[in-house]
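Both complexes shown next keep subunit A, but they swap its partner, so subunit B is in the first and subunit C is in the second.
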Partner chain A sequence: MTTATHDHDHAHHGPAKGITRWLYTTNHKDIGTMYLWFSFAMFLLGGTFAMVIRAELFQPGLQLVQPEFFNQMTTMHGLIMVFGAVMPAFVGLANWMIPMMIGAPDMALPRMNNLSFWILPFAFAMLASTLFMEGGAPNFGWTFYAPLSTTYAPPSVTFFIFAVHIMGASSIMGAINIVATILNMRAPGMTLMRMPLFVWTWLITAYLLIAVMPVLAGVVTMMLMDIHFGTAFFNAAGGGSPVLFQHVFWFFGHPEVYIMILPAFGIVSAIIPAFARKQLFGYSSMVYATASIAFLSFIVWAHHMFTVGIPFLGEAFFMWATMLIAVPTGVKVFNWVTTMFRGSMTFETPMLFAVCFVVLFTIGGFSGLMLAVAPADFQYHDTYFVVAHFHYVLVPGAVFSIMAAVYYWLPKWSGKMYNETLGKVHFWLSFVGVNVLFFPQHFLGLAGMPRRIPDYALQFADFNMISSIGGFLFGASQLLFLYIVVHTIVAGKPAKAKPWDGAEGLEWSVPSPAPYHTFETPPDIDKAPQLDRKEP
Partner chain B sequence: MSSSANHEHYYVPAQSRLPVWMAFAMFLTVFGLGSMFNDMSAGRESSNAQWFFIAGFGVLAVVLYNWFSQVIRENHAGLNSQQLKQSYVWGMGWFIFSEVMFFAAFFGALFYVRNLVGPWIGGEGAKGVTNYLYPGFEFSWPLMNNPDNELFRAPEAIIHAFGLPLLNTIILVVSSVTLTIAHHALRAENRKQLNIWLGITIVLGLAFLFFQAEEYIEAYSHLGLTLESGIYGSTFFMLTGFHGAHVTIGTFMLIVQFLRSLRGHFKPDDHFGFEASAWYWHFVDVVWLCLFVFVYWI
Partner chain C sequence: MSEHRTDTERKSGGHHSVVVKSLLAVVGMLAFVFVGLVPMYNLICEWTGVTGRTTGASEVQNFVVAEDRPIKVQFLATNNADMPWEFRPMVKQVTAKPGELVQVNFYARNKTRRDMTAQAIPSLSPFESTPYFHKTECFCFNQQPLAAGEDVEMGLVFQIDPDLPDWVRTISLSYTLYDITEQQEVASAKP
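After this line comes the complex of A and B, so read on.
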């Protein structure tokens, strides 16, 4: 399949020239690229806020910012990283890879695809602009608990609410598109149980998104009504309850954290077999484990609320249900390790990030199990232990998987090879940085340091300083990542169609860079040499 | 390039100006709305916010009109393969599921407040210490007596299920039947019957909205039942209000299908615009049945 074939056959040719290529595009590769660059920009913006936080926490006492501004920084850091960096990055990867992985010509609904993307810059411009509004940006934490986010919120909360509304619409449309693409656009012979795991995990993630983003819209709508129209949803004086907020929010929020990790599982399940040069161990158990995790994510939400005063039976139920998640997650970790067992392993940059994902995500998983123990959680709740836990699953978890994916598929996207040495330097700096940054936070939390405070007692000083140094190292090394990617695109050496000899999947059957339109005629899966590679 | 035996060519539209304009319109609309609410709550007298909202809404309307027109034109031009039509079917189905989850959030809030929060504030169960906050408060549903009646003035009376709400239930159920008759007429290529029954459905939808408005006027002017009258009013108006908004959208969708039918659109085997609107209508119908049972009746 060559580009020339496409140029003669259809009404639309290669990419249009100039800015309108990006504004008006309907091409899944263009849209994927925009998602990825947007998410990287948000990663740097949210990262800047994190640097402010770590700089202030470098020493006890108030040095750089006022507590009010510090609260705005923690809030905006969380919101931008969750909704602006991690989620759009995965949607960008889905856009680029899913049509190529299942042999589809494009996403199912290409115009809606572009709408899903273009909502985001507007939504985040509105969200970021709250920093310059009277009363400051939202300052109630990314979980925006009522009444902090209603009765005591700055006026900019209204724009926060509407930003959430439209970015939620973007997510729902993006998820519908992915579901329709996967269920309707697979090439003949690409049965569900032959799909790459990245496609499977995204199918399940998209289902989660469609199920819970409307609930998020519901809860911010209740906030809006409480703030401006006198309703009593979160006010006990009128018969409502602030705890109602937490229930509705976490009914969204817990599936949301799996939305940020399931696609990561898919990425790692693609990369580890490629560099271990073995088929993935336990493919079908991976699929069932992913589905089980998704199901369980709907019945564990109140483990975020153990200390709020839910009934004893609730504590017990949510504790056990939460612990159950360790079973399918354990299946996954077991499968990854077993895939590597006796493989002919090499450690190129994507593999380094993927192996690191397995190890460090597991640490985050274990601290999650500790938090799941309701009586113990009374000690850990709202301490830096929680911060350490979810940063371990989100940074060396979700973010590292995204970086692994970028290194793994960048040759396919750009047609150029990145500099392996620089890639490894980036990995090791990030790896050291992230552990120095987050590991001491476990100790801080266990010793009782609360989260979301700009100043702290003297006994926490040393670990905070170490954590901040790790933070600056990790932050700075992401600039190297930017340099590596730009350098690859501008001056990288040409990449082969299949730069990784163990890689499997349809995406490697097209040239690098992938032609602007791929698979306008569906490939014959049964004849594709890349699939169903048997064990030697 | 020849198309393969079992897959027709999947039409991937060329560049389109619509999505980015739509994103801009959505931004303008919500920015205007947010500014209006903030100006209102801050008591600012002069405000230009509504112009942003109106402009955004205007652009939104123009974009949506053009977008749907274009999809219809593409279909009439024969660009849409069976597979592409299936994408629209999946898309609409999952969109309705997302709407179900939106209502689920509000129903969940209602059940939680009614079955747990209320009794706890009233002093029942393990969490009954909350009652110290509002001594003397006794919980009952409908909540005719708020924990703090000075902050939230409780309603004097509520809307009873077996008046207007029952009438509206009958109207909506009948409208679902008439819509199905219209659908059968469409499949049987009976254009006249289609137009008549679709027209009747639209009239029933408008009648529902009229009675709903009557009910709200009654609640506000005579019963003291408002958004501000505590959690009963909050859940009542948010649930019925969002449902009413969805009926409005659904009726609008049916009117569009009616106008398209008058122009001779739809074939017995190709009328997904009609079918999607019908699905949507049945969805708002089912939501109403839940409302009737859980909000008005029990």
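After this line comes the complex of A and C, so read on.
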């Protein structure tokens, strides 16, 4: 569609050939693709570590690995999943979809885009290489509490710190790019309140990233200084405080967990209306709810620290502030359910993942509320209940939303249709796997099993074995996911420009696969029928 | 492709301003962490006494001694992780009346064959009593070097403010002793 619309400079049209296409590309679709593949590779690597963890926990006693290595596995699993799998996947989706959703020809800052992707493989290569270093990989948990990560850290901690610096730089660049794209590159007529929710949620996420990634960089820099330059930020002997570490970390960390879920809200808000064949209920309330969640996420961090000895008033404040988040979150869940209500729903794979997201994410929200009750958290803190909580919000939450997005937009990206039967098989295996894996962990936690341990008391044996079986099932199903995606790309049936009847949005107005350059001439939004949002 | 001029790029002058503002925000947040959050944390701890960390020396004050209100003051001494010294209070507990000056001693001995330097870090419980517990002299104000095998009696003089909340009957003062020999050698750590 684009070839006819402009008159000069045709030389750049196809992508370059060979490896240089990927090395030098400034095309948002290429970069989006690389982010997504990178994220999938990290998902498999982090998943492998998780398999080691679940294999060790299959039975009580020490079977496969030593406790030191077990700790390295839990640490690396968490770090790689958070920073390597979930975050880059959302950035990849943003790259692919935001320009197409707002009618822009590319991202605002294409060269920075290239840089922000290409520094990532170096960061993670550095992080992964610590596994082979003397003293082993970081073993202090993904939350790297001082003094475990300073005084008692393995020498490889310095590499960990630099890797985090690079990841932070990459995220900040990516976020700036997304803000610039959304603020400046919308096609005429694409007002802010007409933007698809995925774009809105990413705009807000990008602001969160710009605000808190420097805090992460700051806290690892303080560690670096404590370790190598004799400062004592976190060292009580020198006048510092390990509790300070936790405050600074969670001031980053809680907004970070929302960074990993807000774009998921956007994806689900695109998919549910498409398969319910109804407009999204309460568009503007979704926007305001997202913004209030983002705001609240800055004032709840100490709910991770109820047990460190906070004064009574502090406990109360952080408890109520945390519970307040349930309100805008509830608004969202209500809107999704209402969108489905009396819709003419069909359940293709993206919809299955999206509906499952709504249900299971809500379970994770409820266990979060239980943890938010400060006196109760004294009991649950640092048990498997916390592990169950955050895995419910992150796996059938964030990760399922990414899978939903892949199934939903893969026809647009590749021009091919995935195999619906296989997609459904993948969904059901993942669904069963994830619940068998994480649901029993609630019981383990309530019964008192601590997190991050390689061995446990006998009474926890049954639930751990069930959980491990679920884990292996879930892990294996993701190989099927890989197969489905590859099979689609090489042998899928051609997809229509708009493979989903009910889908809305500019991305469906371009052919499938999306041409290398789209919207070089901005589309006329007012004539695009898909965007008739009946809202004020 | 940058030579393309389409309608949508007409706002690209705006990119510059987005980038500049965002970078300012990034630098601002970094600065906030180092010169905002950290001092703020220390100030809040000092004001509220949350961590139970008593700070600097106070002057001896002329309080009216509250004869009818004996407060039990208990002393604890702990060695941090690898600290090999012997370290203990010479009395485990005293009864102090608010307003009076009380002196106690702690004993430390360097059991090793090398010269070492230690730093004691105090913590008070319940933390609400921190602002009312005035130390006029304390070994924790200074680093304590001890040659191999040497020992020392270290003094603490304190005064409890009669404004101490009524519900406080017992105060526990604990000291953790840290080995700071290495930090001493690397740089002079600021206590």
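The definition used in the following text is that the second predicted complex is superposed on the first by the 522 of 536 C-alpha atoms of A that agree within 3 Å, B and C clash if a C-alpha of one lies under 4 Å from a C-alpha of the other, contacts with A are read in each partner's own complex, and residues count from 1 in each chain.
We take it that a contact is a pair of C-beta atoms (placed from the backbone, for glycine too) under 8 Å apart; a residue touches a chain by one contact, two chains touch by 3 or more.
Here the structure is a predicted model, which is why all the values come from computation and not from measurement.
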When subunit B and subunit C are modelled together on subunit A, clash or fit: clash
Contacts of A:166 with subunit B and subunit C, given as first, second, both or neither: first
Touching partner for A:188 - first (subunit B), second (subunit C), both, neither: both
First (subunit B), second (subunit C), both or neither touched by A:375: neither
First (subunit B), second (subunit C), both or neither touched by A:155: first
Most subunit A residues touched (candidates subunit B, subunit C): B
Touching partner for A:119 - first (subunit B), second (subunit C), both, neither: first
Contacts of A:18 with subunit B and subunit C, given as first, second, both or neither: neither
Which of subunit B and subunit C A:309 touches, first, second, both or neither: both
Single subunit B stretch clashing with subunit C - from 58-66, 94-102, 184-192 or 274-282: 94-102
Subunit C-contacting residues of subunit A that also contact subunit B: 6, 9, 12, 26, 104-106, 108-110, 172, 175-176, 179-180, 183-185, 187-188, 210-215, 217-219, 222, 229-230, 232-233, 236-239, 241, 243-244, 247-248, 251, 309, 311, 517, 520-522
Interfacial residue positions of subunit B with respect to subunit A in the complex: 1-4, 6-7, 9-10, 12-20, 22-24, 26-27, 30-31, 33-34, 37-38, 40-42, 67, 83-84, 86-88, 90-91, 94-95, 97-99, 101-102, 104-106, 108-109, 112-113, 117-118, 121, 125-127, 130, 133-134, 143, 146-148, 151-152, 226-228, 230-234, 237-238
Subunit A-facing residues of subunit C, complex: 1, 3-4, 6-9, 11-12, 14-15, 18-19, 22-23, 25-27, 29-30, 32-34, 37-38, 41-42, 45, 48, 50-51, 80-81, 119, 121, 127, 176, 178-180, 183, 186-187, 189-191
Subunit A - residues contacting subunit C, complex: 6, 9, 12, 26, 103-106, 108-110, 151, 172, 175-176, 179-180, 183-188, 210-215, 217-219, 222, 229-230, 232-233, 236-239, 241, 243-244, 247-248, 251, 309-311, 517, 519-522
Residues of subunit A that touch subunit B when the two form their complex: 5-6, 9, 11-12, 16, 20-21, 23-27, 104-106, 108-115, 118-119, 121-123, 125-126, 155, 158-159, 161-163, 165-166, 169, 172, 175-177, 179-181, 183-185, 187-188, 210-215, 217-219, 221-222, 224-225, 227-233, 235-241, 243-244, 247-248, 251, 309, 311-312, 517, 520-522
